[in-house]
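Two complexes follow with chain A in common, the first pairing it with chain B and the second with chain C.
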Partner chain A sequence: MLEMINVSKRVGNELHIDNVSLKFERGSLNVLLGPTLAGKTSLMRLMAGLDRPSSGDIQVDGKSVLGMQVRHRNVAMVYQQFINYPGFSVYDNIASPMRLAGVDTAKLDKRVREAADLLRLTEYLDRMPLQLSGGQQQRTAIARALVKQADLVLLDEPLANLDYKLREELRVELPKIFAQTGAILLYATTEPHEALLLGGQSATLHQGKVTQFGKTIDVYNNPQSLTTAQTFSDPPFNTVALTKQGGELRFGNANVANIPQKINALNDGDYTAAVRPHHLSLAPSEKHSVAVQAEVGTSEITGSETFVHVNANGNRWVVLTHGVHRVNPGEQITLYVDPASLYLFDHQQSLVHAPEQYAQG
Partner chain B sequence: MKRTKIIVVFVYILFLMLPIYWLLNMSFKTTNEILGGFSWYPQNFTLDSYITIFTDPTWYNGYINSITYVLINTVISVSFALPAAYAFSRYRFMGDKHLFFWLLSNRMAPPAVFVLPFVELYSAMSLFDTPLAVALAHCLFNVPLAVWILEGFMSGVPREVDETAYIDGYSFPHFFVKIFMPLIAAGIGVTAFFCFMFSWVEMLLAKNLTSVSAKPIVAIMTKTASTSGYELGLLAAAGALTIVPGAIVIWFVRKYIAKGFALGRV
Partner chain C sequence: MVAKTVNQRAWFLVLPVLFIVALNAIIPLMTVVNYSIQDTFSPGVFFFEGTKWYQEVLSSSRFHSALGRQFLFTAIILAIEIPLGVAVALAMPRTGPWVSVCLVLMALPLLIPWNVVGAMWNIFALPDIGLLGYGLNWLGFDYNYTQQPVAAWFTVVLMDVWHWTSLVVLLAYAGLSSIPDAYYQAAKIDGAGRFAVFRYIQLPKMKRVLIIALLLRFMDSFMIYTEPFVLTGGGPGNSTTFLSIDLVKAAIGEFNLGIAAAMSILYFLMTLLVCWVFYTLMMRGEDET
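Let's look at the complex of A and B:
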């Protein structure tokens, strides 16, 4: 078990990690999710022991590891850049941690070949890392992390620099490969859908703070604050300030009377409503009943989906619809919102209402 | 167009090679012929000058002395600069940038400034007239140069490689020798070359810090006259031989020098 207790890291005048407390169980898969500069790498470096926290404590199985040198900790790390020893062959690269640990030659050879087999590197074992493709280089780095059989495996955006196909493949394989070792697996990513695909538990990071930590799907469905919601949404949540009065929601000059029971039960007052881009519709339906006027900014067609960027009453919104929809910039369109899919946050940006089907319990 | 290019290059090389040709030309002539008339090639070809240099201890000891202090200096400079350059490349500490620039500024002082204190100091420590005295004195400008060049090569190696090594379980010395030094081997080669070259060509300190037993070749070459009068052929031969070690060393590192230039550190 790895535990971070009130850990902060200050570099110069900047607070890179702000009072983080986290607890990871053995054999668990944990995702660190946050935009660039949120502190994912800083946090991993603290866990690995490459940096020392300015305050707070890091404990492994209840014992502080703060003073312990990196090389005495049982840690493995894979960086976003493909880091190998350029002067060693792939075989020696993978074997390196075991050689230092004094594993006997027969066992070492067996483990290197197993790992190479698992990561499809067998035919490249005699090559030098720089003679390999990016994907193969990264697989070498992963193999080296794997053979070490470390208690803590830190994967810092390991797939970010790989091409799409390879990323899809490795993303499925990686958790499986490491799950067998019983290690605490930490996986940093900037992409919400990657976190969802990996599952496990997620910690969302924002400006050095952990905004939420829990089962990935729970964090996604019930973000406790608007910040977490935005971190865990790509494209971003569409937000609008609104006022609840009596049985009505008001925003801009629109009134919504037919609102879900649960929202109706809230106190009157000002709220921030947020709705996911795919819960907006370009056509009315029984559920999508609330009409909002908007002006089209741009639209992006990915093939199976269309992103329409609009300006709705001064708010920048994104609509995600299936299929190809041709809309022209400047065109006035009507969007339809399903009131049942609304998230509501109070003026402190804390969640007060999540859509019915996702509510906790 | 292509022809003009070839002509320009040809003329350029001709100009560059002319003094070297003339030196070789002279080294195969007798002194009388040199002082006599103008000739493009030796009329009475002779190897006497070279034979004298290789048989007369006052001459060949000069080479031995020079090579001794140059090698000592190269070894000291590179081995001291390696850890220093690593610190500058990997750590941030108070005044690091100023210190780094100060190192370079050491090269701005003319060696003449340091001759007197060095002579005084080395005499007091009985180092005067030893190869070690010259080798240490040359560290004054070679260590900063070596740090400067090596830092450029070291910064080209991602810090993550160091960290990966620590995570894998390498201790610092083990990592430095086994992984890091091979990665910057080209840089070490280029650095050694420059230390060698600057120490080899430096005359002022080398001449003044020695008297008899450690006299370097550059100092011996300044005696133009002997009992038998002017010996210009001998001097030319000595000059030609002095070019040889530099040429040999540059042949080994020619591929890496370009890399050094690309890093802006050479």
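Let's look at the complex of A and C:
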């Protein structure tokens, strides 16, 4: 078990990590989700022991490891760049951590070949790293991390520099590969959908703070703050300030009378409503009953989906809809919102209402 | 097989380049070749001599000793400047305000013209008024580069190290700067020590720039002329008469045009050969890494 207790890291005048407390169990898969510069790498460096926290404690199985040197920590790390020893063959690269640890030759050979087999590198064992494709280079780096049989495996955006197809493949394989080792697996990513695909637990990071930590799907469905919600949404949540009065929600010049029971139970007052881009519709339906006027900014068609960027009463919104829809910049369109898909946050941006169908997680 | 379209007009576009290359390389070179196989007594009067000058040069002990001095000098220069340059580059800060200070300091010697370097060291090393010469004598060393061959060599080597190590430093530093920080982290996590980091990460990553540094320093030191000429004029005696100084002496001092031309061709071929060896090494390295 790895535990971070009130850990902060200050560099100069900047607070890179702000009072973080996290607990990871053996054999667990954990995602660190946050935009660039949110502190994912800083946090990993602290866990690995490459940096010392300015305050707070890091404990493994209840014992502080702050005084322990990196090489004694039994940590493995894989980076966004493909890091291998440039002058070593793939075989020697995979063997390198064991050679440093003094593992005997027969055992070393067996483990290298097992790892190479698992990562489909067997036929490339004699090659030099730069003779490999990016995916194979990263597989080599992963194999190196694997043979180390580390207690803590840190994967810092390991797939970010790979092309789409390889990324899909490796993302499925990675958790499986490390699952048998019983290591604590940490995976840093900027992409919400990657966190969802990986599952496990997620910690959302924003400006050096952990805003929420829990089962990935729970964090996604019940973000406790607007910040967490935005970190875990790509494209971002569409937000609008609204007022609840009696049985009605008012925003701009629209009134919504037919509101869900649970929202009706809230106190009257000002709220921030947020709705996911794919919960907006370009066509009315029984559920999508609230109409909002908007002006089209731009639209992007990915093939199976259309992103429409609009200006709705001064709010910049994005609509994500299935299929190809042609809309022209400057065109006035009507969007339809399903009131049941609304998240509501109070004036402190804390969650007060999540959509019913997700509430159980 | 797909037939290639043939466009003869392309040759026409190459002509200007051919013209310029002919003017500045081929014609002068062929003139030298001309001189190296003929004898002349007055303008326009030439006698064909075949390989006579070449045989004479190759069998002359004067050429042998100049060549020996040249190789010794180049070997000493490379043995000092390459490791020293790498060491300085490793010691330089990677970030912060001192980076630019260091880079400027390193670049300064490179900006000084060769003859000025020679003149500077000529005065700097004088035993009676030069800081270096006077200082060494004051410390109890009997040092006078105008009279002692060893002192002259010491001065010429020191001068070249001062002048050109910076080039190796800058190249090695550029190689080091291109290594992502993650490599050092990875090494640290693997438990690799300082030497292992140098041997297995920094050195392989610097390999290509170091080959370039080696090539540049080889060519430059192999062709050195100005600095020793200004410093000692090739003396005392012939002790610092390197190939190019010897060549100029033969051509201009003694007006042995045939000998000088044959020496030039041999000199050129040697440089070419070594560059070719380096080039093939470099290309092979390209495949490996």
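List of remarks:
The rule is short, and it goes like this: the second predicted complex is superposed on the first by the 359 of 361 C-alpha atoms of A that agree within 3 Å, B and C clash if a C-alpha of one lies under 4 Å from a C-alpha of the other, contacts with A are read in each partner's own complex, and residues count from 1 in each chain.
In this text, a contact is a pair of C-beta atoms (placed from the backbone, for glycine too) under 8 Å apart; a residue touches a chain by one contact, two chains touch by 3 or more.
Predicted model only: the values in this text are computed from it and were never measured.
Under the clash rule set out above, the superposition-derived model of chain A with chain B and chain C contains a clash between the two partners.
Within the superposed three-chain model, A:M128 lies in touch with chain C and out of touch with chain B [touch as defined at top]. Using the contact criterion defined above for the overlaid structures, shared-chain residue A:S281 touches neither chain B nor chain C, since it reaches no partner. Of the two partner chains placed around the shared chain by superposition, chain B and chain C are both touched by A:M77. Applying the stated contact rule after C-alpha superposition, one finds that A:S96 touches each of chain B and chain C. Across the options 4-12, 40-48, 76-84 or 112-120, chain C meets chain B in a clash only at 76-84, per the superposition defined above.
In the superposition on chain A, the residues of chain A contacting both chain B and chain C are 48, 50, 70-71, 75-77, 79, 81, 83, 85-88, 96-97, 100-101. Contact residues on chain B toward chain A in their complex (touch as defined above): 158, 160-161, 163-171, 179, 182-183.
Per the touch definition, chain A reaches chain C in the complex via residues 45, 48, 50, 70-71, 75-77, 79-81, 83, 85-88, 96-97, 100-101, 128, 130.
Of all the residues in chain C, the ones that touch chain A in their complex are 180, 182-183, 185-186, 188-192, 196, 200-201, 203-205, 288-289. By the touch criterion stated above, chain A contacts chain B in their complex at residues 48, 50, 69-71, 75-77, 79, 81, 83-88, 96-97, 100-101, 141, 144, 148.
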